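When the chains are written out, they are named A, B and C in that same order, and each has its own residue count from 1.
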């Protein structure tokens, strides 16, 4: 048994590289998702009907189709329309677009959770609409949505495993490769599993620390930001909802 | 999309859709049972089991479903047994979604006011009786929309089973594209099929979810 | 009680009508408020008194009629915005910004809307807080203040922009009884200093002592109006009598 672990340890470098790649893709896709999510949330609450329709289409299509399919469409479909992407970029875009649709709902709920009375008070004081949004709405909405955002970040991390389907050498992809060479399925998958647990806990921890610093009064995240009432919005790593 | 392409690919895709639906139903049943069990153990289990149930949910909510599927499928063959893709898919998805479903049940149970428990006890009902006659019916109403939401998730997750070789909708789509290309049209059609199944469910969920805000 | 009252109305409502959906809330309201006057609106819920206030402050628009506030025609959609930042409103629910401390709340509009530099804004804000007696709590967040203190901060916030008129929408209704006094005290101070005030309230004591004129509203019309002595001691209208009886003698 121990000889198998020795064999496996020879792949340590590969694992670390794959883990690092996983983290990179996660963070980059997250930035894309945050931007798209915010834009879509603003569009869905806009007074312009066309914007609301576009946002609605985006959100509904993404949330009602599997993320794996979305990855395939980006990676295999775009080339036939003239855009060729490597697996890394395709992965970042597909996951970013996917989680963005879920974040859009989160942001929208957050924006709408700010009590109307405050908007009235700010308006009477003479603040412009954009000022009200930046100074009054956003700080409160940000605080309210923070746990849900962290949740979605973790889901994104787990979603990177699907990028193995387009041959990206992230953790799951690397595990498959190592498996085919060593046939040590149980051990390899165990290590991979632990790697994901470590990464997700690490991200949660960083988020918790940031959460405390960023808000006043300090925002304390529940353990690993996984509260039962967020189930509905929790994107399951496979696809969504 | 030409009507020729449509006519040749649609039957194959519909077959895949059928497999998807069968797989979904099986996993929904499995997942619900597993989830219910975990939730009950978590709330009322004898000494030690609540902890176990919690570990279970934390584990599967913190790892990708693909890993779980592959673990089961390849892991079994590691020990010298054979398991077909369908079984691996059902077990994997049940166990995975079961963790989420458990949380849905758990929060539903906990949200039924404490007062109900106390009243039941005063009336002389045992814990089991109270659970089945008083708590569960009320939990049911609260729990149903998010539960359907998880089922929706599950239906979409069946696409991942294609990665261990199951010829459901996603896989059939891939097969066609591998043969004749035209990824945009074929995957587009696949997307439409998923959408047609999922959209009504997600509309229903949105309309009926009682929880006022995902943030409250 | 205010003695220095100018003759020309600073607020003028003529023929103001307003409906919410199928319910007609205001029916042809005609009302003037003179500069420096303290006008108190009383009436049962649903009588339309809050709606009148909100139309005067620009939060709602009338369906028909003219609304002139401080020379701004609020009934003209293109010009209605001019009123913002020139009137003050104090709400029943305070509506303080929870993510800013007292000083931050009071100075926000000065910095962002008036474009004052932070140092001047801070100075003006501290003066406003001092006026309501909360200069020592400038660094407290709303969650660290009592209801009465929060409302006083809200008053300071409204005062800081130096409005010509102050509107109070049931400013004390959400407060515990023992905290009402500190707020009405501040309001009395403002009245003494000559501020034009329109107040919707259930606090009959305040109305009696501080109002220059009391308006009783009933089902969307002004049923009766006059000096406090007249309204409270010798109400002419039957509805006024019934209302006061219900409110005062329980």
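The rule is short, and it goes like this: a contact is a pair of C-beta atoms (placed from the backbone, for glycine too) under 8 Å apart; a residue touches a chain by one contact, two chains touch by 3 or more.
Please read all numbers here as calculations on a predicted model, not as lab measurements.
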Chain-level touch network, classified as line, ring, star, complete or other: line
Chain closest to the middle, measuring from C-alpha centroids that were averaged per chain: A
Gap in Å, rounded to a whole number, between the CA centres of chain C and chain B: 55
Rounded Å distance, chain A centre to chain B centre (Cα mean): 20
Distance between the centres, which are taken as Cα means, of chain C and chain A, whole angstrom: 47
Sites on chain A touched by chain C in the complex: 115, 117-118, 120-128, 131, 135-136, 139-140, 143, 215-217
Chain A-facing residues of chain B, complex: 58-59, 61-67, 70-71, 74-75, 77-78, 96-97, 100, 103-104, 106-107, 110, 145-146, 149-150, 152-154, 156-160, 162-163, 170, 173-174, 177, 181-184, 187-188, 190-191, 194-195, 198-199, 202, 205, 209, 211, 213-216
Residue ranges of chain A touching chain B (in the complex, touch as defined): 60-61, 63-69, 72-73, 76-77, 79-81, 105-106, 109-110, 113, 144-145, 148, 154, 158-162, 164-165, 172, 175-176, 179, 183, 185-186, 189, 192-193, 196-197, 200-201, 224, 226, 228-234, 236-241
Of all residues in chain C, those that touch chain A in their complex: 57-59, 84-89, 91, 93, 95-99, 108-109, 112-114, 141, 143, 154, 157-158, 161
